[in-house]
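Okay, so here's the structure we're looking at.
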Amino acid sequence: MNGQAWLLLLEGAWTTLWISGVSIAIGVLVGLGIALLRMARIPFLDQLLVTYVSLARATPLVTLVLFLFLAGPTLGLGLSRETAAILALTLNTAAFNAEIWRSAFISFSREQKEAALACGMTNRLFFRRIMLPQMLTSSLPGLVNEMSFLIKSSPAIAVIGIVDLTRVTNRISAVTYEPLPPILAAGLLYMLIIGILLRLQAIAEKKASRLAM
Amino acid sequence: LTAQADLADVKARGYLAVATEDDYAPFNFIVDGKPEGFHKDLLEDFKAFAGKSGFDVRQEILPWTGLLASVASGQYDMGYTGALVTDDRLRVFNFAPPFASAQHYYVKRKGDDSIGDIASLSGKTVGLQAGSALLARLPELKKMLEAGGGKLGKVVEYPSYPEIYADLANGRLDYVVNSVTSVNDLVKAKPEVFAKGLPVSGNGFAAWPVPKNSPELLKLLTTFMQEVHASGRLAELQQKWFGESFDDLPLEPITSVKQFHELANIE
Amino acid sequence: MSEWLILWDARDAFLAGALNTLLLFFVSVSAAFILGAALLYQLEQGGWATRPLRWLIDLMRMLPFLVLAYLLYYGLPSLGLKMSAWSAGLIALAIYHAAYFAEILRGARVLMPEGQIEAAKAHGFTPLRLFLRIILPPLVIKTRPLMGNQLIYALKDTAFLTIITVQELTAAANSVSATYFIPMEAFIVVIAIYWAISICLELALKWAGRFGVKRGFEHV
Amino acid sequence: MSDIPAVSIERLSKSFDGVEVLRDIDLVVNKGEVVSVLGSSGSGKSTMLRCINWLEQPDRGTIRIAGQRIGVDEKTGRAMGNRELAAIRARTGMVFQSFNLWPHLTVLHNVMEAPMQVKRISRDEARATASALLEKVGMQHKQDAYPHTLSGGQKQRVAIARALAMSPEVILFDEPTSALDPERVGEVLTVMKNLSAEGYTMIVVTHEMDFARAVSDQVVFLEKGKIIEKSDPEKFFTRPDTERVRKFLELAD
Amino acid sequence: MSDIPAVSIERLSKSFDGVEVLRDIDLVVNKGEVVSVLGSSGSGKSTMLRCINWLEQPDRGTIRIAGQRIGVDEKTGRAMGNRELAAIRARTGMVFQSFNLWPHLTVLHNVMEAPMQVKRISRDEARATASALLEKVGMQHKQDAYPHTLSGGQKQRVAIARALAMSPEVILFDEPTSALDPERVGEVLTVMKNLSAEGYTMIVVTHEMDFARAVSDQVVFLEKGKIIEKSDPEKFFTRPDTERVRKFLELAD
């Protein structure tokens, strides 16, 4: 592999990075929203969300991307590739994140909640001031796991023509008939991207351990 | 699926959207970030040709996995890539006049002397792409082998060819079947590892898939192909990219299974 | 309509693929869970092994599964170690998901009230018994939803093994859909089967949730 | 105004898994009164306190805080909304038997949090009040410590300061001196005496007979979820009506 | 054999974040003795108990259980392995200030778990012992309940039963009656008196002066991590050496 190949790999890495980054950011928040809605147990909506989470988790990403991209025009919304990709990744990751957040909700210390309510805090205030700060750190391993999965499964978006990191390696190996070197190089770049996340998690955890939570 | 546009719509829109691949040497692939290959060269001619009809050609690059589905669903007007003609694809697509033969050949490790003539393939492990045109026509090889008293060995299906070649080199496979153009390209790229074998099927064709409901577009493509054939440009490009020119290709579009079988001598 | 008929004719391929998927899934997930718990146990003991193990876990979390499978299957032969597609696939799935299981359990372990563990230590529990009887059960109960996520990932990751020629469900669908060019229908069937399996998993986990509720681990 | 009782409980019942833990509790606590709740372990004392501010939902009965019904909207008869509940709860404080400090906040912030967030008083003011309260319970030196580093008695004192910081009209104490040494017990009881002198209403679950005797206006004895004796301390400690209480008091000495 | 003390502590010191919590503690507890540890909240009582079975690692000092050094391998001078630690700890029992029951096990299984897992006695035998002990502390009716449904006093009683189930040579009690009503306190103290009569060695952190006086062989007073008084109960409660203890005892009444 020459310098030009590395340059292309880096370009692919950037595509992977920004598309996953946007999806992660939206997905984490939407997941939180879904978890909150599910905690409210609104009759019909709850069933709907359960079905969504279940289906979105079970659907392979490739299928989802392709479906959104191809069915988009039929449904009257012409999605650009990037939008379709981000939408698919977000739909997928939000379902997983919803479960992670929900897990934090249901296992949150009942004693602490009671202490907050007894002080006259509303549920919202309790959530914002007592629960969320602790959930952020306690859910971190789960959330970062999910982020790593999202980044790693992002190659699926290549199916609609986005040139992400994995696509670049396919292009290279299609000419050289040597799949291993570009795959290893791409693996290295993936590890670099996810490594940054793991590093951030470690830092946050160190900070939280001061609070012994 | 309404986004399909026949020629009239294309002209109204001002451009034709074609889908190409990026990892299918020698038809179309990417070198240093830029498209290369047979189709890249032919696209120049096609663009000029289309300009005369008053529209532009826009090329989008997708992986093979999503390509046929995207064309079928109308995201693109046609596939501008080396799709092999098969019975099942003919149910959804018409094919423009072919630009290359896709007769199937086997490839073996260089220096593997246990393989030579077709009979020697008997009982050996073969690798091919799952669901490919190659797989669809494997029965022809089976018949050849059985005619000589041999039998088809274990068939291993892979999602794509790079892995198949890797396993051939690793020794997990004894031989691989692919279309002649691909085999030529492979052997050119890695002459010290692989060696080209013999044909293992009747004639086959690589051509552009066009949705069934775009007859006008198909007509236009037929005219174009006949033009480049007549001018010798096609033969020149075939020589350049495939290492040989295919002079006896049909000049008519392939639109039915029956027609295809006649052309390819399949009974 | 004829598409569905084609699929019906190919039901044997789908069935065989689904069985392969299930087998791969159960064997690899069981192995991964045991391995993951063992990893956590080693981490719990501290000592020199902690660093390399944390490193291994992080490595697995960073490495795309495909690359791991690829290395085991196509890479190792160049070092003279040739594995069958099945063993390479199983090993890859097991160690990859073991790292994730370990991380999930570790995340919950950090939050576990130290008092419970101290109580066990004060009663003279040896490390292994302490781990198996006092630490692991509440962790498993607590991480139920995350385990659910992970199981579904493991289920879907079995599909990646098509690339190393394991004939599981997705491979069957790929083959059928590409042969007969009916991608939509074939994939609807595949999604339905994956979904059915994951609904079974979800129901099982939901059922297991009563352990948590009964013991006051879960509220609402 | 002052003839409305601070807390009134009528026919309160509660069961867990089919076991009745509280049965037909009736209790009226007037403004400024101190009520001591005695009873053996598991008799339902904590559960009663928790019902009063609706942390536990009773099966039957009504509870009013300063005349306002808690938990059930009196007009509609339906369950109360979260905000209304919070508004009533803000007027009552509670010291939990297991303290329930918030682990992610320092001692000081544990005490400041509710006044700032619920009463919306300024940070400086909240800090000043919190500091003063921590001083009162002898915890100022630990104000920047996190709860997990505190000893049992230290946690308990912070919990007391936290409840007082809201200066609620009614304070519910669940064994507020259980983890304290006799010296500290004396100090905390002094704080509580002062509060009662200032007119705060208090319901105190306690095992400190001396405190109950010295400070209470009423003493209530719970046995298996029923109030079996309810009288002024003088009578309770010298001439109890029931054999059960007599025995209890005997053993307490 | 009997001249080896059950517990001996020499020059034990421990600090948290640079603050010395224990300073040069010396204490010898003979077999069958009961030692009461008094002291104000935060004086280091719990920390001392936790050091004795090495749940907290002291900065300096040596601790021996029945002559065997805990925490440090005497031959090599290096930190002890987990298994050896476990073996010594199995000979000591501990009742924690915050109970620390195992939430995933029922009351009965909380009590059965350690004998079964550590001493490897049979399930039936463990069950029989556990039942008997739960009966003793009045908790048999809750044997199938999970800890989170118990009242404070109930948890404490289970914790006591759990520690006794191992019939350890040395039992460390950290305020074992803090959550109990006077009646129960009496019962538990009776149980402990019986244990001491049976020859068990006990170190008891307590705020119950009466118990300390009635049962102890030695009373120890901790102040800011130092033992400032150590004497027999008779002397401690009537003629303490230090002004500090005199004041403490005064306030306790």
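Couple of notes before you dig in:
Labels for the chains are A, B, C, D and E, by order of writing; each one numbers its residues from 1.
In this section, a residue touches a chain if its C-beta (ideal position, glycine included) is under 8 Å from a C-beta of that chain, and two chains touch if they have at least 3 such contacts.
In this text the structure is predicted, and so the values were computed from the model without any measurement.
Think of each touching pair as a link: the shortest run of links from subunit A to subunit E has 2 of them. Within the contact network of the assembly, the step distance from subunit A to subunit B comes to 1.
The interface holding more C-beta pairs in contact, when A-C is weighed against C-E, is A-C. Put simply, the chain farthest from subunit C by mean CA position is D. Chain centres here are Cα means. That of subunit B falls 82 Å from that of subunit D. Averaged C-alpha coordinates give centres for subunit A and subunit D that are 45 Å from one another. For this pair, subunit D with subunit E, the centres built from the Cα atoms lie 30 Å apart.
Counting only residues that touch two or more partner chains, subunit B has 69, 163, 166. The set of subunit C residues touching two or more other chains comprises 74, 216-217. Multi-chain contact residues, meaning those touching two or more other chains, occur in subunit E at positions 98, 149.
Under the touch rule stated earlier, the contacting chain pairs are A-B, A-C, A-D, B-C, C-E, D-E.
Listing the residues of subunit A that touch subunit B in their complex gives 4-5, 7-8, 11, 62, 66, 69-71, 73-74, 158-161, 163, 167, 170-171, 173-177, 179-180.
Against subunit C, the residues of subunit B that register as touching in their complex are 68-69, 86, 88-89, 91-92, 130-132, 135-136, 156-160, 163, 166-167, 170-172. Subunit C meets subunit A in the complex at residues 58-59, 61-67, 70-71, 74-75, 100, 103-104, 106-107, 110-111, 114, 142-146, 148-150, 152-153, 156, 159, 170, 187, 190-191, 194-195, 197-199, 202, 212, 216-220.
The residues of subunit D lying in touch with subunit E in their complex are 16, 38-42, 45-47, 97-98, 149-154, 156-157, 175, 178-186, 207, 209, 247-248, 251-252. On subunit C, the positions that touch subunit B within their shared complex are 74, 77-78, 82, 162-165, 167, 171, 174-181, 183-184.
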